[in-house]
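Note that the chains take the letters A, B, C and D in the order they are written out, and that residue 1 is the start of every chain.
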Amino acid sequence: MNRLAVKLPGLSLKNPVMPASGCFGFGREYAQFYDLSQLGAIMIKATTLEPRFGNPTPRVAETPSGMLNAIGLQNPGLEKVLSEELPWLEQFDVPIIANIAGSTMEDYVQVAKEISKAPNVHALELNISCPNVKKGGIAFGTIPEVAAELTKLVKEVSEVPVYVKLSPNVTNIVEMAKAIEEAGADGLTMINTVLGMRIDIKSAAPILANRTGGLSGPAIKPIAIRMIYEVSQAVSIPIIGMGGIQSAEDVIEFFYAGASAVAVGTANFVDPFVCPNIIEELPKLLDQLGVEHISECTGRSWRKSGQSSYCGA
Amino acid sequence: MNRLAVKLPGLSLKNPVMPASGCFGFGREYAQFYDLSQLGAIMIKATTLEPRFGNPTPRVAETPSGMLNAIGLQNPGLEKVLSEELPWLEQFDVPIIANIAGSTMEDYVQVAKEISKAPNVHALELNISCPNVKKGGIAFGTIPEVAAELTKLVKEVSEVPVYVKLSPNVTNIVEMAKAIEEAGADGLTMINTVLGMRIDIKSAAPILANRTGGLSGPAIKPIAIRMIYEVSQAVSIPIIGMGGIQSAEDVIEFFYAGASAVAVGTANFVDPFVCPNIIEELPKLLDQLGVEHISECTGRSWRKSGQSSYCGA
Amino acid sequence: MIRKEQMSIVAHERISDNIYRIVLTGDLVDEMNNPGQFVHVKIGAQAEPLLRRPISICEIKQERKQFTMIYRKEGLGTSILATKMPGESLDILGPLGNGFPLEAAEEGQTALLVGGGIGVPPLYELSKRLVEKGVHVIHVLGFQHKDAVFLENEFAKLGETYVATMDGSYGIKGSVTDVIAEHNFSFDVLYSCGPKPMLKALAQAFPNQNVYLSLEERMGCGIGACFACVCRVPNSDTAYKKVCSDGPVFKAGEVLL
Amino acid sequence: MIRKEQMSIVAHERISDNIYRIVLTGDLVDEMNNPGQFVHVKIGAQAEPLLRRPISICEIKQERKQFTMIYRKEGLGTSILATKMPGESLDILGPLGNGFPLEAAEEGQTALLVGGGIGVPPLYELSKRLVEKGVHVIHVLGFQHKDAVFLENEFAKLGETYVATMDGSYGIKGSVTDVIAEHNFSFDVLYSCGPKPMLKALAQAFPNQNVYLSLEERMGCGIGACFACVCRVPNSDTAYKKVCSDGPVFKAGEVLL
């Protein structure tokens, strides 16, 4: 038995660790460091219908135990992702989760329809919560009805299961999650970045050219844990958790909170080997904790023993 | 001229640096370390009508560059604060901002009415955003109409200006701020703690007995800066900024974002001398930045030169 | 008086398993009086780890302006602490809290000192002071296993010393309460520091005796300002004591365990 | 190939004002070839400071498996870096990016090397390699003021060296472009690293010449994955180059400054 294998809608993962969208490009750079087939899955960079340049630089700023980014969804556009990036990724034995974004519902629907046909795309991740784009993005991620509507439309056209990525920048994350579950989402991924800002002392100007950006990294881990803890108790679809994961211990904390798999974002920049290292450490940690299979950890912080939750093993 | 003196409704401060509520008790402990008259003001611990024990322990947990707390508004109650704590503080030449909390609107009104009569209480701070109490607290802080209603009721009875403390755990902080301004608040204080959680790896249980808690410290600084930046452009009442301040540089960053004074919370635990140290460093930093008076810094990140904002000097 | 000082590391060594002894020097030692007090350590100037770490004072050498702490490498803070080298400095706030009451034991009387695991260190300075005063001391020290045992020899020099390990890999097999039950010691005062279940067991075993217990609690400020470390007192819904400033040592029965 | 290694600090000294020279050793040096490449430094294992810091390779001693970086103490990361002692180790990712094209200058030709402030270091290995190859080098180095000047003697050993300071407190008063205008140097290739305004001025001054510029940008990954460090290329709304992996050295005109 593979103690790390998990099954989620559309995804049969050899382990529950995958790079988070936007923090791994389309995998090319990290393929210099290790065989991408080691990964549970890969969440590729947000793809939009047309190519986008994104925001002016500076696009990143550091914060205590975190970073802000305002990349602005730079990507080569649907066509190139379909013709170049996804085929290149086929050499690896790893399912792809395609992160998609747009300015209008139609954008999402078009991208979803096409990209879900790619042979190695096993699931979609709707980025309804990118704080760094003027249109779309954030609005989809903060109004339950809008998010539900978008989910429905995408579900209608997608050939693979649809995960929706929640924004933490809301008063009531449970309400969002429930609306999206009811609209037919197959799973949730959470959390996207937290809105933040830094100002340069010398110039008195925001460090990011875009002024505000999305906070990621260890600083937001307690926010992610809290939200996953609450949402996992309120929905019955699985959650792929993310936000500040750096170590195998962090992965277990996310599982205990209620995640069934995890994604690692910012930590890839700090250590390009972080994903394979975590995958290597996990079985040892399970031994220490006396846990047979990682899926047993899902929701353990709130689950009374015996009570079932989405488990997927 | 005192380069650090600022004037805010009800408050003539010799400098804009004060300890944040709940991070300084009623001042007694810190009076061992320095003369409290050095401080711009003191925000005392939340006072409720009746004494409260608060939550079970553990009440704090550490996070990357931050901490979670779930004290649960422990305090000796209005009567004791009036008869013991406030009179004790009269020996210092420092205005007190009384942080008040309650489970019902009536609670707030009663506490506000009585405590605002104390001779050294120069302003009230309505804690409508404490995430660590079951009733009241958070609900007041997330629904604009409720916050506005509470503000009005307190304004009616208070003998001193009323500041309202905003919760960051909302989708739209500007909407909250505007509703509170319209309801007659004299100023805003922001931000309170961000909801978060940590789970112990060994026990699989939340570290805090209360499960969730409020995240404070440097980790939340970019969140505070972003919110103050947005709110200060949307309202014309002054903002006392807080959230992760540790240094004179941080103070300037908050001013640039739009604050007219600042409060220091968690950093007092790390260094009991942090407030007087910052007060000492500020004039040197102003020299380096070529700034005459600290109030010139307010809103500089968004203010075009010449454009006025709340300044209060 | 509580002070904050950048103190220099004089010596630093691993003394068993994950246990380290660190000797610090500075003027702050002048303020140290009571065995059982602790200091609050800021490990590094960065924001991570953010909070100070409470560590007990294990030994005080006032003449040399030195004091010793013994700590277990547990999590992030103590792991970084373990890498510090002599010559480096550490930001210390202290001494904090109230220690064990020496005056509770009179010359010629017997004190039973019971330590569990990382609760052992503060008993060392206590024992030295009691012995100085002419009090007869008996030490009962409990550890998880053989490799975790430390300070045995030092205690043995001061008085009768019994070591127990849970797995029997060293000394007597069992808990400190097993040892005490077996030997049926007679004593005038009992001083203890260790895990809460052990303290509870002791309080229950000797309900009518002079028992002092040193508690642990997660702390924010360490000086009484933040209300992180409160414990309840009997027969009240709102009364409390703070472990950091009212404790960490309490008379059994003074607070609810 | 890019590698990640815990490299040992061999030497570390302050060489002027806030400028430090650090020598590191490890196998990663085997991979270093092109002057103008950089490494990405993780300063301490903690989450703060979180991101790596890009620092140019200043000198490579392949035989000894050593390389040198020269950096200015600026903010949090470099301030902590400045406290590291020989014997400690540093987590290095590199070598990153593409360096200055040595092949652009042929034996017997003249190369003008123009450095501004903390842009000076990468030109040192470049100059050494050019001189080895028989290229005639002229160095023009600009600094804010006298106390900020460094590496002058080292460069002087390799070729003609002009130093300018903005306040005239040392060398020629003015900017590097002032020096170049005044001397009217003739050259075959110009290599430069320094603040963007300086690079812009050079590109404008020599529109039809062989000019290579090393750019700076705030970085996330340093390896091309995060899109933090992109710059625009002429005549396109969506085309881009990444400073970290396509640069940091670009031919003038290749990207918009």
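Just so it is clear, a contact is a pair of C-beta atoms (placed from the backbone, for glycine too) under 8 Å apart; a residue touches a chain by one contact, two chains touch by 3 or more.
Chains and their UniProt names: A, B = Dihydroorotate dehydrogenase; C, D = Dihydroorotate dehydrogenase B (NAD(+)), electron transfer subunit.
Remember, it's a predicted structure, so these values are computed and weren't measured experimentally.
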- Item | For subunit C and subunit D, chains touching each | A, B
- Note on the structure: Of A-D and A-C, the pair joined by more C-beta contact pairs is A-D
- Please identify which chain has its centre, taken as the mean of its CA atoms, farthest from the centre of subunit B (Dihydroorotate dehydrogenase). D
- Item | Centre-to-centre distance between subunit B (Dihydroorotate dehydrogenase) and subunit A (Dihydroorotate dehydrogenase) (centres being mean Cα positions), rounded to whole Å | 34
- Message: Counting only Cα atoms for the centres, state how far subunit B (Dihydroorotate dehydrogenase) is from subunit D in Å.
- Response: 46
- Query: For subunit D, what residues touch not just one other chain but two or more?
  - Reply: 47-49, 76
- Touching at least 2 other chains, the residues of subunit B (Dihydroorotate dehydrogenase) are 63-66, 217-219
- Task: Chain touch graph shape: choose line, ring, star, complete or other and state it.
- Result: complete
- Task: Spell out the part of subunit D that touches subunit C in their complex, as residue ranges.
- Result: 44, 46-49, 76, 80
- Would you pull the subunit A (Dihydroorotate dehydrogenase) residues touching subunit D in the complex into a rising list? 22-25, 28-30, 32-33, 45, 51-54, 57-67, 69, 71, 74, 77, 207, 217-219, 246, 266, 268-273
- Query: Contact residues on subunit C for subunit B (Dihydroorotate dehydrogenase) in the complex?
  - Reply: 1-2, 4, 42, 47-52, 76, 93, 217-232, 237-238, 240, 245
- Task: Note which residues of subunit A (Dihydroorotate dehydrogenase) are touching subunit B (Dihydroorotate dehydrogenase) in the complex, please.
- Result: 63-66, 68, 142, 169-171, 194-199, 201-202, 204-206, 211-212, 215, 217-223, 225-226, 229, 244, 249, 252-253, 256-257, 289, 297, 300-301
- Going by the contact rule at the top, pick out the subunit B (Dihydroorotate dehydrogenase) residues touching subunit D in the complex. 64-65, 218
